[in-house]
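Mind having a look at this structure? Questions to follow.
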Amino acid sequence: MDYVVELLHITKTFPGIKANDDVSLQLRKGEIHALLGENGAGKSTLMSILFGLYKPDTGIIKVRGEEVKIKNPNDANRLGIGMVHQHFKLVHNFTVAENIVLGMENTKYGFLSMDTAIKKIVELSDRYKLKIDPNALISDISVGMQQRVEILKMLYRQAEILIFDEPTAVLTPQEIIELMSIMRNLILEGKSIILITHKLNEIKLVADRCSVLRKGKYIGTVNVKDSTPSLLAEMMVGRKVSLELKKKPAIPKEVVFKVSNLSLKNPHSEKFLLKDVSFEVRAGEILCIAGIEGNGQTQLVEAITGLTPIHDGVVVLNNEDITQATIRHRNNAGISHIPEDRHRHGLVLDYTLEENLILQSYFEPKFQNRGFLKFDEIRTNANYLIQNFDIRSGKGPETKTRSMSGGNQQKAIVAREISRGSDLLIAVQPTRGLDVGAIEYIHHQLLNERDRGKAVLLVSLELDEVMMVSDRILVMYEGEIVGEFDPKTTTENELGLYMAGSKKREVQ
Amino acid sequence: MKKTFDWSNVISNIKSYVTSHWFGLTGLLLLFIFLFITPSFLTTTEVGYLINLWVLIITAFVLIVGKVVQFFRKNKHFVPSESAPLISGLGSVLAIIIGLIVGLIIMYIVNPEQAFQGFLVILKGGFNQGMASFGTMIYYAVPIILTGLSVSFAFRTGLFNIGASGQLIFGAFVAVYIGIKWDFLAGVPFLHWFVAVLGALLAGAAWGAIPGLLKAYRNVNEVVSSIMLNYIAVYWVAIMIKADQSIYFKTQDRLYDILPSAVTPKFGLDQIFVGSQINIGIVVAILIAIILYIILFKTTFGYELKAVGLNRDAAKYAGVNAKRNIVLSMIISGAVAGIAGAMIFLDRGAWFKPEIVLRPEGFTGIAISLLGLNHPFGVVFAGLFYGSLERGGEYLNLLRFKHEIIDIIIAVIIYVSALGLILQKLVIKNLKWNSKIFQKIKRVILKESPSDQSEGGATQ
Amino acid sequence: MSFLDLLYYLVPLIIASAVPLSVVALGALFSERSGVVNIALEGIMLMGAFVGAVVIRSLQANSSLSTTSIALIGLGVGAVVGMVFSVAHAFASIHMKSNQIISATALNMFALAFGSFIARTFNNTIIISTQDVFRIPSVPILGDIPFIGNLFFKGAYLSTYVGVIIFIIGIVVLYKTKAGLRLRSCGENPQAADSLGINVYRVRYAGVLVSGALAGLGGVIFLMSFAQKFLMTVSGFGFLALAVLIFGNWKPNKIILAGIFFAMTRVLAVSFNAIPIISDLGLTLDHYLMVPYITTLIVLAFVSKNSAAPRAAGEPYDAGKR
């Protein structure tokens, strides 16, 4: 077996989490090897180790049969390993050629001699059929071409092994097809490719073999030709015995919240971030939007909550059109929001706990009188919430929120948002980064709200959570709703298929 | 707000404060007596100077240590490396110490024989001539305190008001203009002065609004726009002055004297601080500090402003109108700077010259703000400290030193403060609070036995 | 005066004014393009001018070097002083990752205080007089060319020519050399530069030191072409240079134009009485001097949304965040 790269028994632990647990990957020369897994499966960590950004705790790396130590990206480059990052590292106001040669420029007495470089670039571009214009500015070219520049950067440095990290996340369908053919050309020229992805159809199109990771563990490697999407989905998602959550059957009542034909385009590329999204949420039900990160969920929530302006579509809350309403108006009209990024949107970390607990309500008569804060009420409110929601902190209401643990910070946000009694509760990734106890606690809170007749919109990346908690499931893929499911009748594998874009179903 | 005005409550509060702080208060009293009643022997001989210097240093040291001991006794679980105000406070003190040392070094290089003498003069600062110099120190500190308040308020809301100079000049001009021309206000006592100050407030507010609006609505960096506006203010004011014969005293290149009714009143303060230039400017400054304190820490408006300054995204999600708050914040900041201008020039003999020079108060205000940890009350103390230094500089002229050494010291203090965060983290956080030495000290202070160790152990 | 005479009078003055502005603005460009905002230029210019003045005066009084040599030494000293002084800013901004505006403000204050202190201590006055001998009546051969000779080669200063040469060298370095390319990448996308093996810290240090050298040089040029008496001020030229940078949208060709424009307003301010049309406008010296600042403000208002400012300028780079 001619292995050009071997990662053997790699283990890498970060505080609190084992990102890679005895993972092995072997890349044959001249193959496209897909690395498949959900969010948090450990794909990026593994590749970062290969590219020299991290050091493995245990395990060895072999390149062309010889054991090596890769301490930084320069070492990786010297070994012929190159990485096309998901977020391009390009200087926007340099030309294509300047970006490619940066760091290894040709000079004559100190002056840049771009002619030789451009000649070499054009030669590479023709050989690998990577259409680019060496003299164009990065800011003027399409995203697809930018990606080709990143690829050329590696080829210019004579990379033999290329790692692509979720390359199709930012591309339009046409650009994706072009990329696929580019990859095949690279193989014909003798390169070897590792493709990090969660999209099954792309794996089917270009990959030779596929290794699957799940929650840090290596599941297995299959020949793509001999496997089916269902098999891959099953490996990716796994059949698990979920912890049963006791819940009463839902009694959905009237429609509280309705989104119609919501579309959003990325202003810099032409890619659709949201495509004609429509759905309803009823009082007394938990509707969950499932999907792999980066398929439009963030944009959807930002549009609903008012952070991003809407030009295409309608959002209605309790029969009031709030499509153009301000954030405060939406909050007051009945939306509570547990945000995805608790540090960025959910809390002012340098405020105390009690100050953060009134972040959405400091202006209400309950907490202020003619502009002056009522500190007694604020303290009482904090104590009440701390008690009822079991928020643990060093100094109680006076604790600087920054010093609290992630779980308790989240509990504070949950407490704040739920206690506002809004008709619609939006929870985005509410249990991310929390321990089992906190997760269970938050799930109970969500169910409570639902039983009290509130409408709950849950956005989650964790399939077990989706299956356990929700009454109805919508799957999002590439900005569209691709299917609606009943947790009682669907399986994680089926959801996995839709999440990976393999199937599509009309939604009522 | 409920306010129970219970005199017995107040008295018992004072009593308990005095008894619990007897150590520190006694020390302060001794220091005060010593500084004001300096026998001539100590001021005219070499030996005397050294004694003077050392007594000062030791007293200060003992006071600080006493306070620290007291503090640790009260808070047994205190972890120094986790207390942000302490770290920042120590950072300020460190900056001051380094600044003073640099000053001392320069003074020594330039004039070795008189270096320590001069240093002592600087340290004594406003106390060099007892009450008279103390009062004058307060007088000169007032504009700096006000610009410091202006800058610190903006800082708290995430903005950098480097335009205090321009707001100050603009406010000063309006104040003096009213002081000269609006004689119809002279009848009612203090009205003329009050209106002049009000005019300065509005002028400074307007001038501060410009960078605020530019930042909120056109995303213009407030530092650059403020710098431009500083110069524009200076030129425009000069133009307005020279164009108006009724206020411009051409032969002496200054504005005419303001009417006596517009001069900042003294309200008897000059009887307490005899021989000084003090007026109620300090009362104005303290009042404004209190108002800003209330706004920042007691109102919903302040809550919003701080939120925007600390985390604009979260504030947005909370529905706060960030743009409006940015503008309002700059307006308030500018208003305070404008009042600073009024305080400088609404005085007998303080002649307003149409010179094209950026007044330094705008920039020393930044130093004061940093030293005072951007807190209104901290700024007042830092401002008084600066005033003391500055007075010291004046007295340095009696020795053979030039008072610019004070400005050098201030500049170094700002620079070291800027190094700030990292310095604090490096020096203070890395002091091994858990090491044997500190644990031993702690035991002695708290009169603990070794078995109490685990209880009071610091967590890292 | 005839129109031509007017031109022969004004143009050299404008050039003499534009050169220090542009040189210092170039320094600001170097610094910002590498990613560090440097508003300490005023202070650095002051230091350079101060030390330069002291050196020039003592050389003129105590040595028999030719005027040209003295001038060149003075310029060199200014550049070196500026570079050394700017180390403080570089250290604070790059190593200590501190607030770049605050450290720069501290340096501005320090320069003025230090200069004043030393001058008053040793000289009893802040005024340092040097002999005004740096004006070149006419450059041999080139000064005799009709029209152009009168415009550019008569009555100019040595410092002016030095400034022009330095400016051209600076532009070439920034845009045509490997070092310049890497420097610019650090100001736009330091992560990208880092991922390609470029040491962002070292590059930024270089950027700030170059800006210091240029500002110090600019200070001496200012001294030699403007004030024969050094009055412990550079008249806000350091801040004006920042305005030139912004007005010129961080591009060298526009910076030159901006420099000339601002210089014109200054020259006009001083000599507007002599110019027929403009003197009738009834504006004063201060009006003209105000023009650069107002125009910059207006430009800022319209350009800030799409400014070409280096994207990573002003943000300390943390190699840890990959």
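For clarity, chains are labelled A, B and C in written order, and residue numbers in each chain start from 1.
Note that a residue touches a chain if its C-beta (ideal position, glycine included) is under 8 Å from a C-beta of that chain, and two chains touch if they have at least 3 such contacts.
Computed from a predicted structure; not experimentally measured.
Asks: Using C-alpha centroids, which chain lies at the maximum separation from chain B?
Replies: A
Asks: Of the pairs A-B and B-C, which shows more C-beta pairs in contact?
Replies: Answer by contact count: B-C.
Asks: From the mean C-alpha coordinate of chain A to that of chain B, what's the distance rounded to whole Å?
Replies: Computed value for the inter-centroid distance: 48 Å.
Asks: Centroid of chain B to centroid of chain C, CA atoms only: how many Å?
Replies: Result: the chain centres lie 34 Å from each other.
Asks: Along chain C, where are the residues that touch chain B in the complex?
Replies: So the residues of chain C touching chain B come out as 39, 88, 92, 96-99, 101-103, 105-110, 112-114, 116-117, 120-121, 236, 239, 242-243, 246, 284, 286-287, 289-290, 293-294, 296-297, 300-302, 304-305.
Asks: Using the touch definition up top, name the residues of chain B that touch chain C in the complex.
Replies: 106, 110-111, 160, 162, 214, 218-221, 223-225, 227-229, 231-232, 235-236, 238-239, 242-243, 356, 358, 360, 363-364, 366-367, 370, 401-402, 404-408, 410-412, 414-415, 417-423
Asks: For a test of understanding, state which residues of chain B touch chain A in their complex under the given definition.
Replies: It is residues 1, 82, 84, 298-301, 303-304, 306-307, 310-311, 313-321 of chain B that touch chain A.
Asks: Which of the residues in chain C end up touching chain A in this complex?
Replies: 176-179, 181-182, 184-185, 188-189, 191-193, 195-198, 308, 311, 322
Asks: Going by the contact rule at the top, pick out the chain A residues touching chain C in the complex.
Replies: 53, 73-74, 77, 85, 89-94, 98-99, 102-105, 107, 110-112
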